[in-house]
Every structure is written in C-alpha cells, then in structure tokens.
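Pasting a structure below so you can have a look.
Here the chain labels run A, B, C and D in written order, and each chain numbers its own residues starting at 1.
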Amino acid sequence: MKTTILIHCPDQAGIISVTTNFIHQHKGNIIYLDQHVDKETNVFFMRLDSDFEDSNFPTETFKQEFQRELADRYNMQWSMHEAGVKPKMALFVSKYNHCLYDLLSRFNSSELEVDIPFIISNHPDLKPIADQFNIPYYHIPVTKDTKAEAETKQLELLNEYEVDFIVLARYMQIVSPKIISNFPNRIINIHHSFLPAFAGAKPYHAAFKRGVKIIGATSHYVTEELDAGPIIEQDVTTVTHANSIKDFIAKGRDLEKIVLSRAVKLHILRKTMVYNNKTVIFS
Amino acid sequence: MKTTILIHCPDQAGIISVTTNFIHQHKGNIIYLDQHVDKETNVFFMRLDSDFEDSNFPTETFKQEFQRELADRYNMQWSMHEAGVKPKMALFVSKYNHCLYDLLSRFNSSELEVDIPFIISNHPDLKPIADQFNIPYYHIPVTKDTKAEAETKQLELLNEYEVDFIVLARYMQIVSPKIISNFPNRIINIHHSFLPAFAGAKPYHAAFKRGVKIIGATSHYVTEELDAGPIIEQDVTTVTHANSIKDFIAKGRDLEKIVLSRAVKLHILRKTMVYNNKTVIFS
Amino acid sequence: MKTTILIHCPDQAGIISVTTNFIHQHKGNIIYLDQHVDKETNVFFMRLDSDFEDSNFPTETFKQEFQRELADRYNMQWSMHEAGVKPKMALFVSKYNHCLYDLLSRFNSSELEVDIPFIISNHPDLKPIADQFNIPYYHIPVTKDTKAEAETKQLELLNEYEVDFIVLARYMQIVSPKIISNFPNRIINIHHSFLPAFAGAKPYHAAFKRGVKIIGATSHYVTEELDAGPIIEQDVTTVTHANSIKDFIAKGRDLEKIVLSRAVKLHILRKTMVYNNKTVIFS
Amino acid sequence: MKTTILIHCPDQAGIISVTTNFIHQHKGNIIYLDQHVDKETNVFFMRLDSDFEDSNFPTETFKQEFQRELADRYNMQWSMHEAGVKPKMALFVSKYNHCLYDLLSRFNSSELEVDIPFIISNHPDLKPIADQFNIPYYHIPVTKDTKAEAETKQLELLNEYEVDFIVLARYMQIVSPKIISNFPNRIINIHHSFLPAFAGAKPYHAAFKRGVKIIGATSHYVTEELDAGPIIEQDVTTVTHANSIKDFIAKGRDLEKIVLSRAVKLHILRKTMVYNNKTVIFS
C-alpha cells in the first residue's frame, strides 16, 4: 500500500530520524521525503511518500501507534492519505468558460485524478459545456435577495456529494464565510492578476492603466479576506504598450488556465501545506 | 547623417504618409519606422530612424521646415537626435554595489554609448569602485539637516557637467522635487519589486511575508509620487517557500541589474516615450 | 472597409513613403504599419492595416493600380486581405487530444476567427471530441499500403472544402510532399521540443536522457525537411532531475497547447511572413 | 560544527532511516535533507546538512564510523564537507570580459564564498580587470606549437595553489584531457546556446540562421566530449526577426553571466551531484 503522510510540528532535533525509523519498523519503504523548516516560526513540515509491503497493512493500528509514539510526543498535526483514493472536486463557475473547458478536458484525459460530482453556477450559460462532458450542472442564481438561499443550496450539494475541495474556475461571486469555514484551505481560486498587485475587481483594467510590462495570474486558497489567502501558484507573461485591455484579457486567459490547473494538481497530489497564510509547496 | 526623430501628436489620417514623404523629399532614407496609437487618448506616437545622404546635411534648415510644414500643422511634440552624440549619464548610488558594478562594467565594455561624468553618493563606501573605473565620485551626505544643501550641490554638479539623464542605481534617498522637475522623464530608478506590488521600503520583506511565488524588479522614470512613475521595464524570477529573505535579496540583485541596464539602454537609444504616466517602448 | 496588406520586395529608399502615400491618396487611413528589413538579404517587409472610408471601395481597381504603380515598379510580392473574411482551417490529429481540445474550446469561445470544415485523423479515437463540438470527423487510416490512397482522400477533402490552411495538432504522420507543395507556408505543425534540439521522434525521451534543465515546444510551417521549417513560435518550461519522462510529457502538453494556439492566431491575423526559411512575425 | 554530507548508492529500503539515525546518535541535528532516486538506474542520492553540537566534534572518528557502519554496508560513495572552508576557484578566460567582470564583482561583494588564487588567460587583454580586482593574472598563450607547454604550466599553477575547481568564463580554448581527468566534474563551462542545440563554435550565428525565437545559455561540467557534459543550469531569452546577430550576442551576454554564476554558486554550495552524465541539483 502506498501512502502520503503530511506532518507539521514545532521544530526540534531528531524528528526526521524518529519518523523515518517508525516507517521503517513498520516495514514501509520511504519513496520520497521532502521537508522544510520555517525559521521565523520554528515550524517543521514534512511530506513522506511510503510503500508498505504488507497487502493487509493494518492502517488503523498504524495510525494509532503513529499518534501515540510520534504525534503526541512531538506535538504533530498530521494526516495520512492512501494512494488511489480519488478526492471529490466541485467546480463553481459563472460565465467565463476557458478555465472550465481546460479543467474538464484535463479531467477527460485522466490528467486530474479526481471525481467531479457537479458544477455549480450562478448563471445558466455554461450548462452546454457541462452537458458536453456529462457532468451535472446546478444553476443557483445569486442576487442580494437570494444570497442566503443560494448558500444553503450550495452547502446541501457539497454535503450530499461529500465534496473534498472546491475549485472556483472564474466564479464571479464572493463565497460565503460559512462555506469557507467548512472548507478551510480546500477552496482554490484563480485571480487574474499577479497578487498582491491588483486585488479585487477588474485587475486587467487596472494593470493597463498602470502601464505594467508584465501581467500575471495567481491561484490561492480562499480565506475570508478577499484575494488575500495563501498563494499556491503564480505565473506571468509580458505585455507591451501596443496591447489593448482586450489583449491583456486574452493573454490572461491562457495564464489563468495554466496557473489554476497547476494549483489543482498540487492540491490533488497533497503537495501543499498551509501555515501562517503561506503555503509550503513540496516538490 | 543618421538621425532619430520622435513625434507625438493627436492622431489623424495621413500623418505617416506626410512625414515619410517629408523625409523622402529631403533625401532621407527611412531605416526603421515604429508607430503606435493610444486608442484611449487618441494620441499618435512615431519613432523614425533615417539616413540622410548629404554629408553637409543642413540640420537647422531641416528642423525649421519640419516645424513649419509638419509640427505646426499637426500639433506635434517632436525631437530630433543625431546618431553618435553620447548623452551624459550621472549615477546616484548609496551602499549597494551590484547595479553600479554592472553598469560600469557594461560601460567599460562599450555596451552603453554614454559618457559618465560622475557618481554621486550619500555614503563614501563605493568610492573604491569609482576609483577602479576612473570615474569621479562625489560624496554628498544627506541628513535631515543637510538635505537642502545636498540638493544644491547635486544640482550644481548636474548643471556643471551638462548631464542629460540620471540613473538611480539603488540610491536609497528620495530625489528632491526640484531635481525631478529639472529632469522630467530623465531620471531612471530601479525598484526591487514587481510594481505596483510592494511599493515603498523593504519590498523583499513584504514579498516574503505575503508568500508570493514570484518576485520582480521594475525600472521606471521618477515622478514626484514615490514608485509610481512610468514603467520602462520589468522582469521576474520564481521563489519558493524554501527561500529566505536573504535568498530573495540575492535573487533580486540579478533581476535589478538586468532590468536597470535594459531600461538604461532603451533610454540611450531613445526608444522610450512617455504619455499619461505610461511608456511607449519602441522595438 | 478594413484591409491588411502584406508586402515584400528588394529594399530601396522611399518604399514606405510611396506606399503610405498611395494608401492616403485612395482615402485610406493607415491604422498600423510594421516593417522590417532583412539586412543580410536586403529584403524589405511591410504589413499595413488600413481603413478605407468608402463603403463601396473599388477593391479590384485598387488592386490593379497598386500592382501597376507600386508592385511592378518595386518588384513587390504582395497580398491584400479584407477584414471579416474567415479563413478555413483543417485539423489533422492522431490520438493525443490536448491540442485538439484546446483549439476547439478556443474556437467555441470565438477566440479563433476561422471556420473549421473538418478534422482528419489516421485513428478513430478522437471522434467523440469532434462530435462534442459538432465538427465533421474523417477517419483516414494511414499504413504503408494505404498511404497513396490516404493522400488522395485528404487532398479531395481539402479541395472540396476550399481549405486555406492546415493545423497538425499532434498528427503523428508525415504529411505528403504533394500536400505540402499545395499548401506552402500554410501547414502549421507543433513539435514537442525546443527546435533545433531533439528534432524527430521521441523528443521528451531524448531531452530526459540528455539531462536538460529546460524543455520546449516549437510551432513551425511544414516543409519537406522534417522539423526544419520556418519557426513561428517557441516557448519553454523548466524541468529538474526529479521529473520523470512522464512529467516531461505532462509539462510539455501545456507548452504544446499554448505554443500551437499562438502560432495559429498569428497566422489567422496574417502577422507572419516567410523568407529564407525564417519568419517575420509582425507585432 | 555544520557539515554537508553527499551520498549516492544503489537504492534500497531503509537508507534514509539508518542514515538519519546515525547522525542523530552522533548528536547531530539534521537541518536539511534532500534526496532523489533515479528510477532508471535505481541509484539513491542524498544531501544532508547537519549541525553537531560538540565544538570538539571528532571528525575523523565520525568519518571512520560512517564508512564502516553505513558506507561499506550500503555500498555508498560519499563525501563530507565542513561549513566555512572556502574552496579555491581558478578562472580561465580569453578576451570576453562580461563573465569575468560578473564573477569578480560577485566575489568582491562576498556573494561567492571562494578564494580565487589566480586567473589564467591565453591572451593578455583582460589583465587590467584582474589588476582592478587584485587577482594574479597568468598569460599563458596557446598555439598549436605551445599547447603541451601551456598545459604543463596550467597544471603547475593548479597544483601549486591547490585549486579545487575551475571555471571557464568564456575561455575559447579546449581544455586538455589531462586537466579534465584531474578535475572530474570540477570544471564548469558556460556555453552560449541552449544545449544540445548549437553545440560547437558560433552558436549565435547558427541560431540566427535557423530563425529561432528563443536563445539560451548552458552551464555544464566539462567532459572530453565537447559541449556534451552534465548540464548544471540553463536559461533562455526571447528574440525576434528584428534582432541581428549582434543583438543575439548582446542579449546572450546577460544570459551567460547569470547562468554561469548560478552554476558556480550551486557547485560552491555542494548542491550538485553527477551521475550518468546528468546532474542532480539539490534545492
């Protein structure tokens, strides 16, 4: 059985040694180990890919012993994930289709190891694409008056389908604090600027006005503060005085697709850890 | 004789045709023409490299006729520059030496077609480098009390040596409004962030705190508003969670050098025009 | 009426001036002019976007006069293209679907101003995607024995639908010389390496073996010599020792999509000219 | 005492655990661990930064026990390096000065933790720069007739000063096989192309002729086969049809400087390991 273990705890001498020993004693072979120490906060992070010979690997016993012998002693926050279990990813969209098309075509080509139980949108426009790819599409309008009702419906769907994480694929609404608190570090947004520059609405217009020579896109976990969550991935492309706002938007679309899909892949592979509103991205 | 002509004026039909005609009639051959129309403000920009056969080319007559026949009629702002005349570039530095070393070694290799009459610094530290390259070095301390006096000395030197433009090669002081108004769009600064993100002091610290995955550097013309002038050139490089602030600074040094030198070269080649706090960068 | 005129001819003094004059005299306003002189071969290239006031613009007369007054005199190769006429783009694919998905989703979002009369493939696998997007799909198998027959069928379809240009979206067969000669500089291929490195088969395997730190993709016009045609667009991405060949392939897919779509857009906008097995790419 | 240990050996279960245990038992704290398994050849690589509390750390005893308990058992090739010991770096140059200036100004700013005992050149041209930075400069001409003699002199200097590694900062001669065999994976070259494209002489001319849209630079360890050694670092920059060969060379200079200095830094920090003519670059 292949597993990924994620750990963070106060840094102290010997953690790598006791942990790798523990894995070894339980007949696990460490395939990959990546670790990081945040020097400012003195926090230790580790990601361990291990392979356990035993086909009847006693997962529960292992977890209890890990908790008792390591986690309690070193004050670890940790989680363990078996390979081959596909997380459930919900997609939220509005009217822009490029990120949706990109994610669905990657999904269709088995590039993303997830299940997609449904797509939610505040508009009906992208239903044909959902139909094209045979994914259920729920049109949940969001207006001032229907906001609470919409949130309830969204949460019902998320619970019913036991969704693991949410991807906002250019969803043009602010996600409610309740949903955010139910999915901490499990809602991935794509913002169409090089954050923290041009947070908020119309970043391409703002970038054009400022006369920048490079534009960007940023994928981040959603927190209550708008466009201020932990950054997962960023990328940029050059622009010139000759480019119009329309050109910025067209160039940006390609950035948004690539940056969002990279962030989604990192999340699926459990290569992200969040601490202090920043991410550790394992290689 | 080779010349570069820079023009901007309200856009209207026929400008390219009458201007290229005018050059042609004066026995000039157009080597390169680049033009741009700002659609928002309806302003036309053009840069013309021409070669005039006549070795006794009557520059003054040509200029008078250009003014009368074209500039007055089309309401043009324009300037004409003979090739081979080296502009005079003053360098302002503080304690960081990487941009200074970079510019001086390019200068020594004839990569920059300028004269460097002097280096001004508010600290004595970099004098040995100036000596290494045989450039006069003026140590003009800047404190609260000596600010006015320092400005006077700086202006005296700038006037005495007939300086054409100033490069702030990591000069850690704010340049006085009087100097800025004497050198409009002729003071080039390098800011160690991807503007408009992280304007002001300690941008690498701010970038580190925000957890960005890409850092940048920006070269811009200095205006009275700090770090808000027209951007000439930007570039970026990737960082990871494993990079410390010290790593950010080290990676940033390379960016700063490259971005500043590119901006300086564009300015020397008269490939920049400024309008509406933005630059047109000709190719 | 808006038009784009493309010109190349031996360089000589006055071409820009006489051409812009000609446009002006025919009541055209030049919206954008970009020009280039190849110094080695002394060839002049120009691309002119013009707007003619007259709604009944006498295209044929204009063309005749242009030929007589300019083209004959300056030995110009030239073409004129009216805006709004969509070129017909045929797609050739095999089994990989990422470039196909990418182009079709851009097409569906009106990002590509073309008609797509059909998709040809030597395999049946991608028919469902063609169906998804309602594009006719012709399965034309290519084996040693059926090669000639396949070529005949392909040419029939290309003629019947009056195809303007062909995009090989990871088509894993060599296009026949006859088709190439019928579509000079009108067949766009995407090669999954940074050409001229790793031409031919299995470039990702070769790149992995060589231990490069950067991989690339190259879009080029197809000529008889394999992977040696004029390069339109290239891009690269970093790889590390930790990346497997599978990782190279996955990273490469994103490059291939972006690079191919950029090349296709440049071709559609008539921003490419070919000379001496190289391209001039207008801005 | 801080140390860096580099290990490679046939991969097998438990290596990380026994090694980290061993460090821990000797009162070492692991500061950073990075590891890699080459799946093709089944070779395990590890780099360990450790801090040993004991100020009188018994280095020799530790090394003997490491050899006996770990290296012999697991068939490890390994080395251990104490922090703070500066390696000795010899520079070989010809006439181009940009890489030399860049390395020396980084050295002067304490960016490179090395000693530079001398510079060797086959030309006298760059002596003034060596003088500027107070580094001994040996002019050793290399002609057909003096080749053997030059090699002898070079080796004498390398031995006399106990040089650890050599940097060819645009040295335009082929280094003799004898020197290469004396400095395996310890001679760093900068080649002015994106290898394996354009190996050999005049790569910018070849790139220009081929019409590439991106040019590169590659830093690699020198092996007997020209430009075919293990690649340490590569980077690229865009070019256009408007760029002349002279422009390629100017743009390339900046690439060469940056790429070479990055490779030199990686080597100094012992972040490179070589296997199968490829490098593992630790983070």
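Everything below uses one rule, namely that contacts are C-beta pairs under 8 Å (C-beta built on N, C-alpha and C of every residue); 3 or more make two chains touch, one makes a residue touch a chain.
Here the structure is a predicted model, which means the values were calculated and not measured.
Visitor: Which of these, A-B, B-C or A-C, makes the same contacts as B-D in over half of the contact pairs?
Guide: Equivalent contacts to B-D are found in A-C.
Visitor: Identify the chain pair with more contacting C-beta pairs: C-D or A-D.
Guide: So, comparing the two chain pairs, more contacts are at C-D.
Visitor: Using mean CA coordinates as chain centres, what's the chain A-chain D distance in Å?
Guide: The computed centroid separation for chain A versus chain D comes out at 38 Å.
Visitor: How many Å are there between the centre of chain C and the centre of chain D, using C-alpha atoms for each centre?
Guide: Whole-Å distance between the two chain centres: 42.
Visitor: By residue number and range, which residues of chain D touch two or more other chains?
Guide: Counting only residues that touch two or more other chains, chain D contributes 240, 242, 283.
Visitor: In the complex, go through chain C and note every residue touching chain D.
Guide: 36, 38-39, 194-198, 210-214, 216, 230-236, 240-242, 244, 277-281
Visitor: Under the stated contact criterion, what part of chain D meets chain B in this complex?
Guide: 97-98, 101-102, 105, 108-109, 111, 132-133, 240, 242, 250, 253-254, 258, 261, 283
Visitor: Write out the stretch or stretches of chain C touching chain B in their complex.
Guide: Contacts found on chain C: 13-14, 16-17, 20-21, 23-24, 29-35, 37, 283.
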